[in-house]
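The chains carry the letters A, B and C, assigned in the order they are written, with residues numbered from 1 in each.
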């Protein structure tokens, strides 16, 4: 049965249609895998009954020849997506017990296309973090361990539960969200594929908002083809989201031609950081060799303001978050700590309900928007952001896509960097620029570190050109032949 | 930028998050560190640059003036932690009393 | 210049008014919930209004149009690009912890409003800006001993905040300003101006200074909900500030409420904290971009506004400024008057509409839309007077019956046989009868008591059940009395 959990999304789809196995069998294998993965703490809520019911309905449709694009495929849903009737906490105590009376647009699309829900997966609280160690419900363990070292490692964040579940074969795929790297970085740390689409490609309606101008939902899968398949369902204009792009959704699977001959691939010089580990540098060079061998030309480009992207991000994201999280006040949902006065109640509820990282970011955000500081911080950051976006526009005059490492290191041990917020923030140095410019980016597992941990390469594309991003990502995947598996696989002996 | 305890207290009050004195001290240190790091943005010449309005690549969509929502009171009240069944049964949210 | 007398001399009162006007629309500004007044609590609330996790705003085109229309009605600049900002603060009736408003770039810029003063003069008052924002919900503090109940029906309803320049100089001017603004809004159909229901609320900023001195510290009196209270509150507050200053004190800048029961303003009891709203552009929305041609289209479609209508009534119908002002105050009254005046004596029409009709409607507590007498029927009544079918005196009785029964004047006249007697023969006969009966009085009249004419007229009218044409009675009486 565990062979069913080894399948890719597209493979499983084909297998179901060819009646090699039933959706019930596929769901059952995964329900068991979910149970077996509990030591990772990837799942916050398991929904086996729902999964079985959805799978049964899928079998009926398949039998009638009415299979939809994701019919019967078991998925894990990041706890940031509101799922109707199923607990949604955004990894936070403050939303304890919240059962949304509505379904997010993105997950609604997945169910519309026949997918099956295995449960809600763990994440950094309110998507603020790069290690999934800030969750109120405990940290997630990366199914990978260092060679010869038993210390549990972080899966990355904030979509740490999603990445761990997919890597451990406790889901065929998962949804994630990416605000500064929260899909791509954990994908890199867990050896899977993670795609952040163009801002506006997927609707944000029903996704607990962290930083409105940066958040994007995206697929986390074990192959580039699977990411294309899942994005096809997740994407689409939503009139309930004013920032949702009113553009047609292309056929993403068709984009995977494997042919990148004649393309120019930009290599941004500023991404070569001082003190960058040699193995990251080496991996990047291998990536450049691969795309050259595939007939594309590497071109050096300059993204001059790269080093300022992180500080820009750490002004804008907390500022927006400080406002977005004001609604968590103990009045209409979640937990409440009673108080003598209204303000007492607010203050006590929020102090107890929010974890330290969230509190820290809300305070920073409140500060940078406050009277006297708005111009120096927030306005300045938005100006630099405009320049960063222009950097990309200029670079894309000379190339069709960019190739960079995804992260400056492999997964680190749980507990490392926990006391040093800035060291933690630096995890996102390669990914954050992409959110600031609203562009699509994918991380593809490309190699292993000296310790045997996965490392990813990132492809960045023009706005709404996920097709090129997927195509180049597919070429990298083909060349890398990343067949390594994590030490922990759910259900494996 | 060095933040002092008093500023942390003021910001926490604006954000309606209670912080103990001990936390004020610790946070003053942490936030100062982060803000100092952020201040490197001062190195960038942004004269004449318009702040980014949005990365959304379109104009603000406008919707028709139709009533398409509401009438979902039970759904709205279902998750309330107010613990005041009278208020809930009468259709209200309830909070500690505010004196104006 | 109207100044207030204090103990140490004269003071100038400086007033600016911020008006919150609820936009007439079916649905709310950023959500599809309904806006109707008086619904059961929390039944007109969407997930967006209640700020549930993951909810997003989508703007209502009609609300934008209403704001632009209002701006055009105030002869103001329309900003083709404007931005929505979040105003961040915590309160029970503000579920998101922020209000979507417009701070640095409002949809409407500078304009003008002309106020009409009781002495017939007018003054131009500057409008600083108009912007769109969300209304908050309602907190009910009197439903429970220790808890405040919250109803979010009103949360998210579109408001236009209209800010005047601090150009007003007296409570009277302030009252005239609100009156005119309300009239314009009702003409445009962009706000119903119903102050009792809260669709029009005023925040009055009041300060005082010695003439020629710099502006004094101002206090804001929030949420005044009637024109009368606006004037009372300002009068009281100006007086209060003058007394404080003349006693050697200083004015604390604060927010106050008007206690209508006691006729005083008092400071709001909430914590006196400096409000840092941390405005920033709402990242869930994009800048609002208006098409110049679309704005032009709205401009072309504007109805004739009160000032223009008043001017036309004066020039075309030869009404006095006062009469024109009263009739043009409400579009419905103006339309009614014009329907009656069309092809008839405008003065006669004006007198009947302003006097008899308005009087009757006031008594019944009904507005012109609910008038039991339609314009056409009143016009028909005036025709019967003009062609001498009935006298003006009898017309009043007919009108009273029209109010009661809704019947047409012609039918009432016929049914009651109220046709005026114009047959000189019949009148003469009646006069002869009266004079024969009152020979003493005739003698008195002939010896100089001219005033008795009225008595004789009265007697003849009585004898003819009021139906004799008064003009003819007068004329013939005089003839007969003079011998």
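To be clear about the criterion, a residue touches a chain if its C-beta (ideal position, glycine included) is under 8 Å from a C-beta of that chain, and two chains touch if they have at least 3 such contacts.
Treat the numbers as computed from the prediction; the structure is a model and nothing was measured.
Peer 1: Any chance you could check whether B-C or A-C wins on number of contacting C-beta pairs?
Peer 2: When A-C is set beside B-C, the one with more contacts is B-C.
Peer 1: Based on the averaged CA atom positions, which chain is farthest from subunit B?
Peer 2: Measuring from the centre of subunit B, the most distant chain centre belongs to C.
Peer 1: Taking each chain's centre as the average of its Cα atoms, which chain lies closest to the overall Cα centroid?
Peer 2: B
Peer 1: If you average the Cα atoms of subunit A and of subunit B to get two centres, how far apart are those centres in Å?
Peer 2: Computed value for the inter-centroid distance: 24 Å.
Peer 1: Roughly how far is subunit B from subunit C, going centre to centre by Cα mean, in whole Å?
Peer 2: 40
Peer 1: Please report how many Å separate the Cα centroid of subunit A from that of subunit C, as a whole number.
Peer 2: Result: the chain centres lie 58 Å from each other.
Peer 1: Subunit B: which residues touch two or more other chains?
Peer 2: If we look for residues of subunit B contacting two or more partner chains, we find 13-14, 16, 54, 56, 58, 60-61, 63, 72, 75-76, 82, 93, 95-98.
Peer 1: Residues of subunit A touching 2+ other chains?
Peer 2: Residues 98, 101-102, 213, 239, 242-243, 322, 326, 329, 331-333, 342-343, 346, 366, 370 of subunit A touch two or more partner chains.
Peer 1: For subunit C, which residues are shared contacts with two or more other chains?
Peer 2: Residues 47, 50, 52, 58-59, 90-92, 148, 150, 276, 278, 283, 285-286 of subunit C each touch two or more of the other chains.
Peer 1: Mind listing the subunit A positions that touch subunit C in their complex?
Peer 2: My answer: residues 82, 88, 90, 95, 98, 100-102, 104, 204-209, 211-213, 239-243, 319-320, 322-323, 326-327, 329, 331-333, 342-343, 346, 366, 369-371, 374, 378.
Peer 1: Contact residues on subunit C for subunit A in the complex?
Peer 2: 47, 50-59, 86, 88, 90-92, 95-98, 148, 150, 271, 276, 278-280, 283-286
Peer 1: State the interface residues of subunit B toward subunit A in the complex, per the touch definition above.
Peer 2: That would be residues 3, 7-8, 11-19, 27, 30-31, 33-35, 37-44, 46, 49-52, 54-58, 60-61, 63, 72, 75-76, 78-83, 93, 95-98 of subunit B.
Peer 1: Which bits of subunit A are touching subunit B when the two form their complex?
Peer 2: The contact residues of subunit A facing subunit B are 97-99, 101-102, 199-200, 213, 239, 242-243, 245-246, 305, 307-308, 311-312, 314-315, 322, 326, 329-336, 338-348, 350-351, 354, 359-360, 362-364, 366-368, 370, 377, 379-387, 389, 421-422, 436-438, 463-464.
Peer 1: Write out the stretch or stretches of subunit C touching subunit B in their complex.
Peer 2: Residues of subunit C touching subunit B: 25-27, 31-34, 40-50, 52, 58-64, 83, 90-92, 139-141, 143-152, 257, 268-270, 273, 276, 278, 281, 283, 285-289.
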